[in-house]
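Note that the chains are named A, B, C and D in the order they appear, and that numbering of residues resets to 1 at the start of each chain.
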Amino acid sequence: MNPLLEREKGLLELERRIEDLRSASEGKRIDMSAEIASLESKYRQLLAELFGSLTPWEKVHMARHPRRPTALDYIAGFDAFDELHGDRMFRDDPAIVGGFARLGGHSIVAIGQQRGRDMKENLARNFGMSTPEGYRKGERLAQLAERFNLPLVTFVDTKGADPGILSEEHAQSEAIASSLEVFAGLKVPTLCVVIGEGGSGGALALAIADRVIMLEHSVYSVASPEGCAAILWGDASKADEAAAHLKLTAADLRGFGIADEVIPEPLGGAHRDPEGTVTRVLDRVGALLDILETYSLRELLDARYEKYRHLGSWRDAVAGSDGAT
Amino acid sequence: MNPLLEREKGLLELERRIEDLRSASEGKRIDMSAEIASLESKYRQLLAELFGSLTPWEKVHMARHPRRPTALDYIAGFDAFDELHGDRMFRDDPAIVGGFARLGGHSIVAIGQQRGRDMKENLARNFGMSTPEGYRKGERLAQLAERFNLPLVTFVDTKGADPGILSEEHAQSEAIASSLEVFAGLKVPTLCVVIGEGGSGGALALAIADRVIMLEHSVYSVASPEGCAAILWGDASKADEAAAHLKLTAADLRGFGIADEVIPEPLGGAHRDPEGTVTRVLDRVGALLDILETYSLRELLDARYEKYRHLGSWRDAVAGSDGAT
Amino acid sequence: MPMADWLRGGRNRDKVRDDAAQWVKCPSCGEVLYRPDLSANLDVCARCSHHFRMRAHDRILSLVDGDFEEIARDILPADPLAWTDKKSYPQKLADDAEKSGMDEAVLCGFGSIGGYDVALGVMDFHFRGGTMGSVVGERLTRLIEAATLRRLPCTIFTASGGARMEEGMLALMQMAKTTAAVLRLKASGEPFITVLTDPTTGGVSASFAFQADVILAERNAMIGFAGRRVIEQTIRQRLPDRFQTAEFLLERGHIDGVVERANLKPTLERILGYARAGRERRKRAELSA
Amino acid sequence: MPMADWLRGGRNRDKVRDDAAQWVKCPSCGEVLYRPDLSANLDVCARCSHHFRMRAHDRILSLVDGDFEEIARDILPADPLAWTDKKSYPQKLADDAEKSGMDEAVLCGFGSIGGYDVALGVMDFHFRGGTMGSVVGERLTRLIEAATLRRLPCTIFTASGGARMEEGMLALMQMAKTTAAVLRLKASGEPFITVLTDPTTGGVSASFAFQADVILAERNAMIGFAGRRVIEQTIRQRLPDRFQTAEFLLERGHIDGVVERANLKPTLERILGYARAGRERRKRAELSA
């Protein structure tokens, strides 16, 4: 279970008491405003204590919080959405959703990695872990954006690509590799929002974009902390340590130049104000689309190339200088 | 069983007797040349009687003859062949073979529909009936020809696309439709040889080409005669009648402008002289590649479009004239 | 062509139908339906939502805003193979024309849907089972070429038993011909949308039906390459009822969506809206270049 | 760089190996092999044909005709995350350099194979398990870009445990960087060929390894996205031995062919020959246009 749920119990208890007092004072016309104010102040204090500064590992849990808004929650915030399905060959992977959408004056194609909002949906959507069919569906929808000449917006939220037997048999490597190619060369503006967990190549498959934005408590990592700990130290329980090493927070990613900007979340996380978070994200998406539309396609493609071209860090033994980033 | 095999029994018997006489006369130095000549004359006479004029239904059997040269027999005649495999996703369909090849001065990509040369191979190759994975493999190899900027040569020999449950589940329609698109637009010279049976959309998937040549006794049909009889008359046993109706012989196809030329076969069919037939076909393929190489890509693509654009037959009620072909 | 004149073509056909019973039994739920009510409900059973096969004229009337500019209507079938079995091919054509009020298995033209100009082709299963011969191929090719020229999106409603046997290989070649035209449409940047209706099989499903950018299907439509009977004969067992239905294909990822007939027009309008937005982006880019 | 100088780099590395035992046991058949014999046989067991993991220098020497013009050799690893666990990342790098004679997990440069000029990148599992960090990504990107500029086909031998943890997201981004470069190579019309050697997984298999026009694999190489152990933990059962082998992938249609190491050079030469033929066709077309 997500450890943040335990930590939130005190908050929920306070919320309930405030709510009780409110309804009591309303119904009986007794003035309880002082008591309410006091509890509210306590609540804010507790919130700040609990969530004022999160460790990287706590951020991972925040990114995985079961009540955190998912791709479909953001998609529901669009002015219109017409879902499209399938890879045209084998399956309609429910871990990837997508379709045409409208956001203010922009008609776009949207693609999201969709985990479940409860256990049943998690099972149906394979916890947001795509099979090759899912990546091929995403690739097809990205190409559809190009065919319709519409910008592409993706929402990234996955622990990683599905590590099952069937996925290997259906060429998971090829599916991701091919998706990277399509996204790197797509002849329309592209924008990626990391809304939860950006897990490794399975996230990157939908995340090469002209602009990458991250929610404050989302994470984006070369491997899951558990996976990294298992690989390096043969001990997945050292995930907290790995999380600290991996530099996977939105602030880290902004520092590397991988994320172009970070969107703040309410204290305690996006799920404390889902509607507000969705609105804030979509407003920013709209504004960034406005900006991207001022560039020519040539400018976009050149800038996209240059952006990824310079990511990395190395020493140049001859020049004696350090490499990019 | 193929009824031609029955008919060939008398021929085989004569062949054996001629061979016996030959070895007898060689070994014992007795002159049997008169007897041999007489038998040979009888043989030629019988051959002409049996195969001098074939009905369309007999041609279908000739096209399906178990000893008729298959795609791999032609491919073996190339100066080099480097086989490539797979659709990059699911399977390496053995009903489609292909790879790089050299033929004289030409480096090419070759793709063939491969049925079995015996029951075991027939089972392994699904009697030459491709699954969607096979068409996707063919499509990939065609695109590889474009990537390497090499002409493409295909050998068509299939009863039709595989009609199984899995093929439907894996989107047989989409696989063929997509293959047609790729072949219609391929930016290299393309050449198709119908070497046996060209069955319906399953054949067409590899048969859109700048030049289509047919072996004299190959057939190419909108549906198998059995299928046509079943569809129209609910009785597959009337296949002979359907074959006569369908206009499926090489000569018919030449008449329609669908086949550009017809390569003669030895009396009695290609399998009476497989090496000679392969040589004749490949010589012609080489010569046609020489010709295709004199055109610019623009000319090729325009001509390819025009060729298929004008296939069909209709009345124009206003113009009062008949349509093309 | 003004819609009024064009409708008259429809009315002639209706007269043919007037002689038939005004009541029709739903093959799905058994409800007996009054034909005018059924027509008013887009040929959908009011009780169980069974989608009857729709006639091309009715389909077009249900979709386009005003006039429909029919093209290629003078392209009529010939008899290239001089085909005769129980009947001659020309006789089969004449009989179907009489029964269906169609002169071939497709109607093609230009109209607007919810204000969006579009090239529209509609196949009709009532004429020769919607089979594709030279006329279907030629009319659709002219439609697709005209869409390319006029820079309009193209939408085709499919309904087909496959290639038309009586035109032999010339029928098969219509797959190649339409494919070549689709390729040029796509190269021009115009979207291509198909709506697969019951049934869509064989040479039509294996060519333009599955070459579209967006592929929708009507609920419960039977869609596949090989016919159900062919497969059953091959595997010697009965297939499940859902096999090859639109819903089955959706799960398998073959199509973008399954749509109730009542939602088809608004769905198409929204997709054409996205297409127009994309075109406007292109125009802006061309202007600023 | 002249081959003689370059070999000296190799010899230094050999000295490191001199200290080790001159005998090595085949992990497949148990045969004890004399190292110089094993090297002469391209690191293939003479008894059972087991393919030992080959060092990048040896691979290049086994392929190129004469000189090898190494590029990007001055690009060396940094420590962007200031990573330390049991050891610091710089210490891990130094230790691996000492053991392997490599300064990073890939060698890149230009040479000719059977007379065909080619851009050649060779990964080496002996340095950090062939993991891809910034240097692997940067060197390969420079190679691919240079191939595009010089209009040469590009061949990459992969051997990788995936992305390098100690460089975090900067390592993951090398997948995007190399992809972008591959895309430009392809747009220029130059062929891209990969040879997957044991093992090829994770971020390397899911990027350039599977983006090639022609993908070959060495016999019995382990190739996959997820590691075998990860999958076994997920499904809680042992996988069959053949799972994720080159032969398994061939059956599944993922790769073009499986090649014995002894046949690799002639196979590559033939493919480069086809590439040259295609290039000559292009030149002729450009001349006559």
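Everything that follows uses one rule, which is that contacts are C-beta pairs under 8 Å (C-beta built on N, C-alpha and C of every residue); 3 or more make two chains touch, one makes a residue touch a chain.
What you are looking at is a predicted structure, and each value in this text was computed from that prediction instead of being measured.
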{"item": "Any chain in contact with subunit B as well as subunit C", "value": "A"}
{"item": "Intercentroid distance (Cα basis), subunit B paired with subunit A, Å", "value": "54"}
{"item": "Interchain centroid distance [CA atoms averaged], subunit B/subunit D, Å", "value": "41"}
{"item": "Residues of subunit D engaged with two or more neighbouring chains", "value": "210, 252-254"}
{"item": "Interface hub residues of subunit B, defined as touching at least two other chains", "value": "88-90, 169, 171, 174"}
{"item": "Chain contact graph, described as a line, ring, star, complete graph or other shape", "value": "other"}
{"item": "Inter-chain touch pairs (all)", "value": "A-B, A-C, A-D, B-C, B-D"}
{"item": "Partner subunit A, residues of subunit B touching it in the complex", "value": "88-90, 132, 169-171, 174-175"}
{"item": "Residues of subunit A that touch subunit D when the two form their complex", "value": "161, 163-165, 167-169, 171-174, 176-178, 180-181, 184-185, 200-201, 204-205, 208, 220-223, 227-228, 230-233, 241, 245-248, 252-253, 256, 258, 304-305, 308-309, 311-319, 322-323, 325"}
{"item": "Subunit A residues touching subunit C - in the complex, by the definition given at the top", "value": "80, 82-93, 100, 106-107, 133, 137, 144, 147-150, 293, 296-297"}
{"item": "Residues on subunit C engaged by subunit B in the complex (per definition of touch)", "value": "74-78, 80-81, 83, 85-86, 133-135, 137-138, 141, 163-165, 167-177, 179-184, 202-203, 205-211, 223-226, 230-231, 234-235, 239, 243-244, 252-254"}
{"item": "Subunit B partner contacts - residues on subunit D that touch it in the complex", "value": "186, 189, 191, 210, 213-214, 250-257, 267, 270-271, 273-275, 277-279, 281-282, 285, 288-289"}
